[in-house]
Every structure is written in C-alpha cells, then in structure tokens.
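The first chain written gets the first letter, and so on, giving A, B, C, D and E; residue counts start at 1 in each chain.
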Amino acid sequence: MSALLAVEDLGKSFGGLRAVSGLSFTVNEGEIVGLIGPNGAGKSTVFNLINGVFVPDAGRVQFRGGNITGETPYRVARHGIARTHQVVQPLAELTVLENCTVGACFGRENLPLYRARAVAREAAAFVGLEDRLAMPAAQLTIAGKKRLELARALSAQPLMLLLDEELAGLNATEIERMLEVIRSIRARGIAILIIEHLMQAIMGLSDRIVVLNSGQKLAEGAPAEIANNPAVIEAYLGDPALAASLHGGAPA
Amino acid sequence: MNDALLEVEELSAGYGEVQVVWGLSFAAARSKLTTLVGANGAGKTTTLRTVVGTISPWSGRVRFKGEDVTRLSAHAKAARGLVLVPEGRQLFTNMTVDENLEMGAFTGRGAHGYATRLERVFTLFPRLKERRKQKAGTFSGGEQQMLAIARALMTDPEVLIIDELSLGLAPLFVYQLFGTLKALKEDGLTVLLVEQNVHLALAVSDYAYVIAEGRLFTEGRPAALAAMPEIRRAYLGL
Amino acid sequence: MLGIIAAIIDGVLIGSVYGLAALGLTLIWGVMEVINLTHGAAIVAGMFGLYLLANAVHIPPYATLPLILIGGFLVGIVLYWISVHRLMGRPPLMILLSTFAVNLVVIGLGTAAWGTDLFNVPVSLPSVTWGRYTFSGTHILAAALTTAIAGALYLFLYHTKLGKAVRAVANNREAAELAGIPTTRVLSLSFGLGVALAGAAGMLIATMFPFTVLSGDAYQLKSFVVTALGGLGNPAGALVGGIALGLIEGFAGQFMPVSWTLVIEFVLFVAVLIIFPRGIFAFRRA
Amino acid sequence: MRKLYLLAAVAALVAAPAFADDMLTIGMTLSQTGPLNVDSVAQQRGAELWRDEVNAAGGIKAGSKHYKVRFVTYDDQSQGGRVQQLYTRLIVQDKSQFLFGPYSSGLCATAAVISEQYGKPMLITGGAEAKTLELGNKYLVQVLSRAGEYLAGAIRALESKNAHAKLAVVYADDPFSKAVAVAARKLAQAGGLDIVLDESYAPNTTDFSAIINKTISASAEALVGGGHYADGATLARQIHDQKANLKYISLLVAPDSPQFASLGDAAYGITVPSQWEVQAAYKPDFGPTGAAFAKAFAAKFKIAADYHSALGYAGGLLLQHAIEQSGSIDADKVVAVLNAMDVTTFFGRFKIATDPGHHGLQVAHEMVLAQWQRKNGRLEREVVWPKAAQTADLIYPLH
Amino acid sequence: MSGKTTGTVAGEQRASLRRRPFFWIIAAVIAAFALAPAIGNNVELRESLLLATVYITLASNLNIMLGYAGYINFGSIVFFGLGGYTCVYLISAHGWPLAAAELAAGVAVSFLALVFGLGILRLRGAFFALATIGINEAVQAFVSNFEPWGGAAGLYLPTTIFKPLGGPMRALWVVYFLLVAVMGASLYLSYAVKSSKFGLGLIAIGQNEDAAVVLGVPAPLYKALAYSLSAFLPALAGGLYFFKSAFIQPSDAFDLNLSTEAMVIVMLGGRSTVTGAAIGAYLYEELRGYLLTSQTFSSFQLVISGALLLLIVLFVPGGLMGWIYGRWPRGKEVLE
C-alpha cells in the first residue's frame, strides 16, 4: 500500500490567524480517510491547500510521488484530484449535463467535448441525476446540487476525490443513497478524503480518521479508536466539566 | 408558553427555489434562554435569518410581543428590540470598538440611555473598554464575539438571538461568554440561541428545540433531551 | 526651476479638484460597489447649475455651492431609486448599463437645450503672483473649498452617527441592517452624496474653466484614473490620487511634450490597476 | 390596413412638394449632437438664410426654369461613422442634386468617397484641410480658405510689430489645428520669428496650467494656435488668469464665437483668424453686401453672424450663381462653371484650383485677422489685418 | 427532456456543426445580407446594412468576452481602431494590397491583444472594466502622438486606392461583401466557440470562475486566448471600414461610445447568445439610423436611446433572447 497523497508539515496563516499548522497525514490508494473536527478547525482550508486554491506557507503536498505544492487548481485537477465544495458552487445557468461536461473536459483525461459528454452522462446517472440532465443547475434542490457537485467531480475521472460535507443538508433517505454512491466510488478504486459532520456516517464509512482542532492534528486512527478518544469527545461536545460548572453557577 | 415573547408559527423559508425550512414552530419565553440545536445544514441559520427579516419567509408568521412582525424589515425589527448576533460575528471590521457599539445603538431605542448602557457593556466586557479605539478587524475571534454581543446589547434588545456563539472560539472564551449569557438572562433578557456545543447549550438553557432537515425533531427541557440517545447519535455517531 | 515649482503648485491646486470629483465616484463604489457612469453628467450638471444660478438668477458664484450640493444630493437620491435600487445584487454589468443609460438621457437633454456651445462664468478674484508665475484666485479658492468639503465629509463620516452608519453599511451591509440601520435609505443617501460631490466639483471647475455640455467625459475619465491611483472606495486615497494626477499633468509636462502626459496618465492607470489594485496610496488595511 | 393608407396619404401630402419638378434638393449632414455642433449649426443657419431668401425671391433661375430650394439634413454626431451612409441616403433616397459637405475635413474626405461616385458636386464650407482636396476628387469645391492660410495673417501682423518676437505655437491634436500649426510654424521660421515653444495638446484638454507655465518659462512674447471651442476658450481664460504676460495672442475658432465675449477681460486683445468679418467690406459681384447679410442674419436668428454662418450663406450663393450661369442643374455643367469662376461676393474672392491633383482647392479667398477690442466699454471684434481691410489698429503689445 | 439522453457517443462524434439547424440559419443570414442590396443595386440599403455588419461583428466578438466569459470590456473598440490604423497605414505608406494589409492587421492586433490580455486579465469585475477603458484611452493618446500614423491629423487615402478593386463604385461593393464575410465569420466563430470545449470552459468561467478553475479550466490561458481571438475579426472589420472611409483619425478609431454601443447591443439581444448579438446589433442599428434621420427625433436621439436602454436593463434583463427563451424554451435548441 503506497501513499497516493502525502501531506507533510502543512501550514497556512491568514493575517495573524494560524488556520493550519504542522499538519501531516497520508491517504493510500483505494482508501477512504475522514477528516473531522469542530467548525472552524481548518478542514476546508486543508482541502484548499491540497488542490491549490491557497498556496501553503509551509510544508509540501505530494501526489503519486510528485510534488504538487502550490500548483494552480486547474493543474491539480489535471493530476487527478477532484473535489466538491461545502457551499455548493454550481455553474448556475448551465444544465446538469453541461456542468458535468465541464468536469469531464478539463479533468484528468482532458477529454474532447463529444467524449466528455458521454462520460458526464454516465457520472450524472451514477449519482442519480439522469432524469435532470437538461435542467439548469440553479433549479436543482439542495440535495440535487450536492449530487451535482459529486457528479461533476466524478466526471473528471479522478484518482482521488476530496468530498467536503457531501451529506450536509440531506435527509435520511438521501444520506443513505449518498453513502451507497460513495462506497461504490471507492469500489472503483478511487481514493477519498472526506470532511463530514455526520459522525454516524463517517464512522461507518472511513478506513481511517484524522481529527483536526484549531488547525492542528488532534488525533488519527481507526474509527473505533477515535470514537473513544476523550480529547475528541471534548472537542466535539465541549467540556462536560465546564458545562457542569455553568449549571451549578460557580466558575470552575 | 403563554409568556412567550417571540412566537414562530409554521415558518417555511428557503433560497431561490430551494426550500430549507419546512413549517417550523417554536417560541422563546420571556426572560428564559431557549436553544435551537441541530446538525449542520438543518436550517437553523436560515430560520434565524427569516425570524429577524434578512430573508423573507415563504409562509408562516413571526409574532413579537403578540404583534405580527413577519413582514417587517430587519432594521425595523431591530428597532423594536428583536436583535440577532449573526453567525461569524459580522462586525464592522474597519471601524473602532466605540463606533461598532455606537452603530449598535443606531435605532431610537438604542440611542435612549446610551451612556448607561455603554457602561454596562464595558462592565460585562472589560476587555473592550481597554481597546475602545482599536479597529474591530484586528481582534481575535473571542474578542470579536464579545464585541458582536456587546453591539447587539447596545440596541437594548428584548430578545437577543445568537447564531453559533462558540463557533471557532477557544474554550476559555466560550466559558466566559456562556457565563455572560447566563448573567444577562438572570437580569431579565430573553435569549434565543443556536449552538453546536450541545453540552454547554443544554447546560445553560431553559428549553430546547432539536431541528433536523428544516423540521422540528423534538423539543423539551434540556435535562430530558440530554438523556436522549438519539441526540447523542445525531451529533457524534456514538 | 521656478517654473517647475510653479507647475507643482498648480498641479496640487487643480489636482485637489480632480480629487473632489473622484471622491464622489469612490464614495459610491466604497458603499455599494457600483461604478456610477452618471458621474460625468453630474459634473456637467454642477457646471450648468453654476451657470444658470449665477447668470440667470444672479446669485454670487460661490454662493451657489451649497445650493448645488443640496440639489445634487436630491437628484442623486432620485437617481438611486431609478437606476440602481432595482439592480442591486444583479451582475455589475446591469448597473453600469443603467447608469450609462441615465447619462445618455442627461447629456441628450443638455445637448438639445444648449447644443455644445461654450459657456463661461466670469469670476474675478485677486490672484497671487510669484515672480513671473501667477496662481489664479479661482484655482486657490477652488482648492480651499475642496479641502473644506473634503474636511466636512470627513467630519460627517467619522464624527456623526449618520456618517458612521454610511461607513457601517459600506463595511458590512447585512450587519448594518441587523443593527437597526435602514440600509436602503443609507445607500440612497450615499448615492446622493456621491452625486452632490460630483456636482460641487463641476461647479468649482466651472469657476476656473469654460465648459460645454460634453465636458463631463474628460472629467469622468480623470476620476477613473484618480480612483485607480488612490484605490477604489478609499476617500482619502481619492484626494491624494487627485493631487497625484494634478502633479503628473503639471510636472511631467515640464519635461516632455504636453500631449504625451495623457499617454503617461493612462498607461499609469492601467499599470496601477494591475500592480496595485487597491491603489498606490492605499494604506495597509486590517 | 386602413391605418396604413391613411399614413401613406399623409406621407404623400407632406412629401408632395418635394417631388415637384421645380425643386432643387441640397443634402448635407451637420453635427446636431457632437462636439463640433456650434460651428456646424452656425453654418447651417447661414445656409438656411440663403435658402429662404432664394425661395422668397422665386427660386434659382436656370435657363427657363425656376427652382425652389429644399434642404435635407441629417445629424452626423461629428463622427465619421455614419457619414457615408447618410450621404448615400441623401443622394439615392432623397435625390439631392447638390451637396454641402459635413463639418470638418476628415468627414468631408469620407463623404467625398460617396459624392464622387455619384458625380454630385459637394461644396465644402466647413473643412479647411487641404488634404481633402488632394486625393483626386473631381466634384469638390472648397469655399473657404485652406487650413494653411489660417494663421498667415496672424504671423504677418506679428512680424509687422516685432520681427524677432519669441513665439509659442500651442495647438490642439486634431487634423485641422495641426495643419494650421504646421503651416504657421513654417511661415514663422521663414519670417525670422523665434519659436521658443511648440506644443500640442489633446482636444479634450481641460487644464492648460502646464502649457502656460512652460510658455512663461520659455519667455514667450506671443502665442498662436488653439483648436476649437472649449479648449480655445479655456486656453484664453487661463492665459489671462495666470497672467502669462503675452504681448500677442492669436487663437483659432473659439474667439470667433459671440460667446467668447463672456470671457470678459480674458477675451480682450485676443486675435482670431477669420474667414470673414462684417467689417471687411468687399464689393460683391452679386448677392448682398456683408452688412446686408449680417443684418438679415441678425433679424432672422436674433444672434450676430460669424464667419461660419457667412460660409453657409456664401456656399449657397456661389452654387446659385453657378447654376444661373450654366443655365441648368446638370452637375457637370455647374462644376464647369465653378471651375472657371473668379468672383467676389460679400464673403470675399472665390477661385478654385482645377489641376487634377488639387481640384476644388480654394486659392483666392483671403482671410482676415480680427481682434477683440473695447469699444464704448463693450468687447467687439475689429478687423486688424490685412491693412487694406483694417477697421482698427492692432493693439500691440497687450501688456 | 429525457429525450436528450438518447444520442449515442458515436452519433455525437459525427454530429458536426453543419448538422445543426443553426448552421444554416447563419448561412441564410449571410446570404440575405449579401443578396438583399445586390438585387436591384440598392446602394442605400447596402450602406445601412454595412453599418449593421460592423455592429454585428463588434457585438459578436465582444460577446465572447462579455457574454461567455463574463468579463466587461469597455474598450473592445481598441481592436477595431488598431485594425483600421494598421490596414490604412500599410496601404497608404507602403502600398500594400488590401488583402495583405487586412491579414497583417488582423494578426498584429490579435497578437497585441494577447499581450494586453495576459496583463489585464489578472483583474476581475470592475477593475477589469476600468482597465479596458484605460487601454483604449492610452492607445488613443499614443496614436495621437505617433507621427508615422499621422498623429492627431490622421491618415487620408487618395481615390486611386480604389482602382485595384475596379474603381470606387465597385470597390465599395467589394468592401461590403468582405464586411459581410467578416460578419459571417464572426457569427460562425461565435457559434463555433460556443459549441466547443473552449467555449464551454469560457462559459464556466463566466458562471463561476473559482469553481471552473477547481474543475480544471485553465482560466488565465483561456481568457487571454478569448481576448486575443475576439480581437481578430473586429480588426479586419476596422481595416475594411476605414479603408472605405478613406480617412482615419484617433477620435473616430477609438471612440469609446462605439464600445459601449456594442455592450448595449449584447444586452439588448441577450448575453451569451449568438443570435442575440446579431439581432440586437441589427435592431440597434435600424433604431439609431431611424432616430438620426428622423426630423422629429434627431435632436432627442440620445435621450430616446438612453431611456430605451434603461427600460430594457430594468425590465427585460435577459434581453431579447432571454425573453424568447422564457416564452419558448425549445428555442434554445434552434437559436443558439
């Protein structure tokens, strides 16, 4: 098992704020790695550092053994890393099919238009959007847009997917469907790095989990280990002792 | 819930053609701390934005002190004492602490008794007093959240609505802010809170609503809710 | 050598008026991110305001300034509701086009009424002579009034509640609304202010130079250059940028054919936009 | 459908006189809305005065026929963009037999491409640049003196006072002003004047401080140049405001407008090369005297006539004369007459070059130099050059 | 709408542009432009349509930047003017034949556009729009001082210049047909770009540049290429147009109003549509032509154009095609 993606000692500050610092982890081929942490922990920043939206202040990003640190997002996409966005970014006036075609055209394979359309269609069908191909993206429901994000990323025929809160805002049935889709993506041999708030889902899905807090790695391990790690519980639920003290009215 | 200061009835809202909130009803009782909890994307922020009027509801009603204020603009609601501390603080980053506070007191309601309220705010947040002339944009997250709450207090709110109080803050600040909220409540302020730190939220609140997928999942007293395994699961998957 | 110093002084005097004109443009941009293409028309309206009030109603030239400020303010508010309000939040092209359309209407009406004939408002003021060089009283007074208006604007923005509300809306419109500030009214007020400043600049220019209905274009272009130099949306930068432009025009012209200063001006304009999109004189912001 | 008939009927009624046999149609574009609108409109008014007088007198007599004159005019916005379209329309749709050129040399050259094709004579009353007439056109007739002549009088007048004056040449970057300045420079150098400053500026320049400071630094005693309206007036005003202490100033076009007097003291002493001044009393071979024209013009339009309006009138007058002489409205015959004509009207002499390289170029008309002087406390223009036409002495030096 | 899914890959592979009805619609438009004035030697119609061809060329090419890529270009006219100057200069000073001068003008201007583009396309939104104004004005100021091009006085062409094309009468017809060809090429270019991978990338940039870049669209390269590409045909049109005028001067060549008119046209017809740019240009030209030549309206033509534009922007923001698509959604498949 070789590391597909290796992040080494990554750091990024905005103004005075250290958003990410000293972060290292790897994702192996065919693996699903969960990236979790409380709001504001720097998870989306990590994605932006990997795919080149931000240039890191420190550290390196290696993909398939090559250094891709600081490359522009479109070059990173060409290497085979596709992503979805937490806040959906549809190309609003374009149809579902056209959105996916963009992904296919400019993704890893750099396909010509006619072949890209076929790939796009397949990707759209894969996530269950085959009956809305001609619908402008703006008219999709939030769940539809989430799926479109995924279909667009898949159209790029990536080696690796970065999924940013793909399940947020979906209802129970939609979540179930989406989880199935994600599993079948992995079954195709595509590695996945996933940010997710829904613990139940990510615990069941991931092979490994990396926990971030305030831009640093708090813990890393198998889901079961993470679930029982007191530091993780505190970061998520808050400090129960603190809560108790407020309850009692006496400062701790 | 007869003493409800703020009542929300069958509220539906969304963006463009996408519905996010589906017929949600809840109330905030006078001088109590009420909490809305729910997963990311459950529609909490949209609900609050609709209640204070930065987006208009598709249907449903918002009553404040018994009066229907559904269609009032956000600034008109603020002028009546219905004040939101938005998610991500939303300070006037190019302006000083003093100016931010003055803007909080922009309405006639806030301008009345400005000096005494300023004193009170500085008593609550002495850190702000030390930095009155400093620009808000240079503050740390915790200081910004303090200023955001202080600014809202300058409006002389009857209902203070806070979206994600502890978001991205260090535990020390979180503790301080919750302490302050508790003190404000004890002084008679009505507070409606959206919070991801469930333990803390439930610890300080008097009543809580759990929201999922834009609908009401369950409601009740905090102690009862905290004991419910569904909530633990929904949040941690444990 | 004296000539160069004279050129510098003249540059500063004229430049401050350019700065005032640009102030109107940059204020509107700063508050609502709108490039107001009625700017040139507003400047011309200020010029003709002076002409009509001074020649037809016989008001002393400088006494028209407050009238023009008030008139410009009211017209600006009306323009906001006509051409900007409905289009807020739409692609920026829409407001560019709607303000351009209003500009066409205003210039069209002006041309129909006055043709493109030349107008001059004779203003006689004592001038200051220094060796062979003379600084016209109108230029000195225009610069002084510009400073006064800019100072008043500063006092308004930084020391009145309403002015602070304008800055608050510029800074974060949603937060301002939540703080109880009627943001739409503040936007219309800011637009009114921007137009009033443009009108005042036009009025001051008209005390110095003859003008025609079409004079606005040149000053609008200059205002663009000035805002680029000073940083879009930065009122202090606009004044500094204006003076910088005045200096370039006065100073560069002493060392090369004057007709080349325009080339320098616009090349600099583009270069500054590319290299310092927030303006050369933009102070580091948090 | 009925509406359409009605419309057609109304149109026919309106159009009917236009197609009567004895109607002569003259087409032209003018700049109603562009920057050159002032000169163009003045010229138009002069032409209209001529038309109305001709029609009141029963029309132009050609052979046995009397032709009433009708104008068709369109707005060219002072831009080249539509000139060819509009002149084609004037010729093809409106059936103009004769044309007046648009205002400005460039537009004339552009319009000439069309007028030449159809062999329509075009009288140029607002394009002084000689280049237009050096392109090989056969139906162009220039009524006014060419650009090169504009400052000739001004330079000679200056030389008569100070043969070695230090001269600043300051002119707008437009085809006309540039041509004028180039000629003036040559004349001045030949005459021994010392050119201490030679500057051009963009036509939309609004502030001349830099140029004036340079003029002062160069110790210039005289300044010649300018461009059109706004720039020329601004230049004059700033020269005054900045006390440039020039002894002699001659500017193009702007000082010719009656509005120029509104500059007050800044206008005093400024000279302007003029195609015509009312005081220049030529003895006309035909048509009104200058004074009669000026009187009629003032009566009709309530403003004083300037040389642009005189040009408009003169254009009509010369065309009328040529038609009457040839006894027909046949273009080639009329042009043949114009080619041979050597006449004097209230506007001055008229004779054009006929060699193929310069056909239509005005060679006989002389310009005068007018100066704004005080008369009974009011500013008025007096002719100061040439000496023969002089109505007042040149005031020199101004300071 | 699920019917759209039925096409096979192989089918699409073969489906060239010529298979679509729109290809033939453009061909019909070109034929109409070429034939309508030629029948009966209607010179007046030719002159009126000639301006329409120029407007359509300018608007179609502007649409590539403005409509597809979403970049507001106030200075698109700079290509037209530079093309005109290059062409007129090569003919008058070096005696080049029209065809060679045209080609040189197109190539030179496109190259220059690429250079400009690489510089200013780093900017977005209002900053880009302002920079385009700056470029136009800088070029105009430069040309006004550039003596080889006649500086402010401009360049004149003698009548003999029309001889190689069979005298002025025929030459104007030749120029007209060439302009129709340039217009046709513009329509096809605009259509081909829209139907290509390149165009898809541009439209993606126009919709959401950040998202497009993440999807792999090489935005800087595409924008610069689009900018350069959209310079070529306007440069040719400028060359022909000023050749026909026999005179060129800076204020006519770099008239900012014409740029703005081109933007108005694109809005009038509907952004991002080939048909919209063409119909918008045609309607606009007819309207302006009517207002200018109407005795009643000519003094108020600016007022009327302005008021009309304001009404369109306020109430029909999608332009003509937006309105048509709204009424007749299938229209999108026929009229691109």
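In the analysis below, a contact is a pair of C-beta atoms (placed from the backbone, for glycine too) under 8 Å apart; a residue touches a chain by one contact, two chains touch by 3 or more.
Predicted model, so just to flag it, every value in this text is computed and none were measured.
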{"item": "Chains touching both chain B and chain C, listed by label", "value": "none"}
{"item": "Longest centre-to-centre distance from chain B, chain (CA-based)", "value": "D"}
{"item": "C-D against D-E, pair bridged by the larger set of C-beta contacts", "value": "C-D"}
{"item": "Averaged-CA centre spacing for the pair chain D and chain B, given as whole angstrom", "value": "76"}
{"item": "Whole-Å gap separating chain C and chain E, where each centre is the average of the chain's CA atoms", "value": "33"}
{"item": "Distance between the centres, which are taken as Cα means, of chain C and chain A, whole angstrom", "value": "49"}
{"item": "Residues of chain C touching at least two other chains", "value": "108, 111, 257, 259, 262, 286"}
{"item": "For chain D, residues contacting two or more additional chains", "value": "32-33, 173, 200, 202"}
{"item": "Chain E, residues touching no fewer than two other chains", "value": "141, 144-145, 152, 299, 301-302"}
{"item": "Chain C partner contacts - residues on chain B that touch it in the complex", "value": "52, 54, 73-76, 78-79, 83-84, 86, 90-95, 99, 102-104, 106-107, 109-110, 135, 137-138, 151-152, 155"}
{"item": "Parts of chain E lying in touch with chain A, wherever the complex brings them together", "value": "1-2, 4-5, 9, 12-13, 15, 195-197, 200-201, 203-204, 207-208, 210-219"}
{"item": "In the complex with chain E, residue positions of chain C that touch it", "value": "29, 33, 35, 82-83, 86-87, 90-94, 96-98, 100-109, 111-112, 221, 224-225, 228, 232, 257, 259-260, 262-263, 265-267, 269-270, 273-274, 277"}
{"item": "List of chain E residues in touch with chain D within their complex", "value": "43-44, 46-48, 50-51, 141, 144-145, 151-154, 156-160, 168-169, 172, 244-247, 249-252, 255, 258, 289, 292-293, 298-299, 301-302"}
{"item": "Interface residues, chain D side, partner chain E - complex", "value": "32-33, 74-75, 77, 79-86, 88-89, 92-93, 106, 109-110, 112-113, 116-117, 129, 131-132, 134-137, 172-175, 177-179, 200, 202-203"}
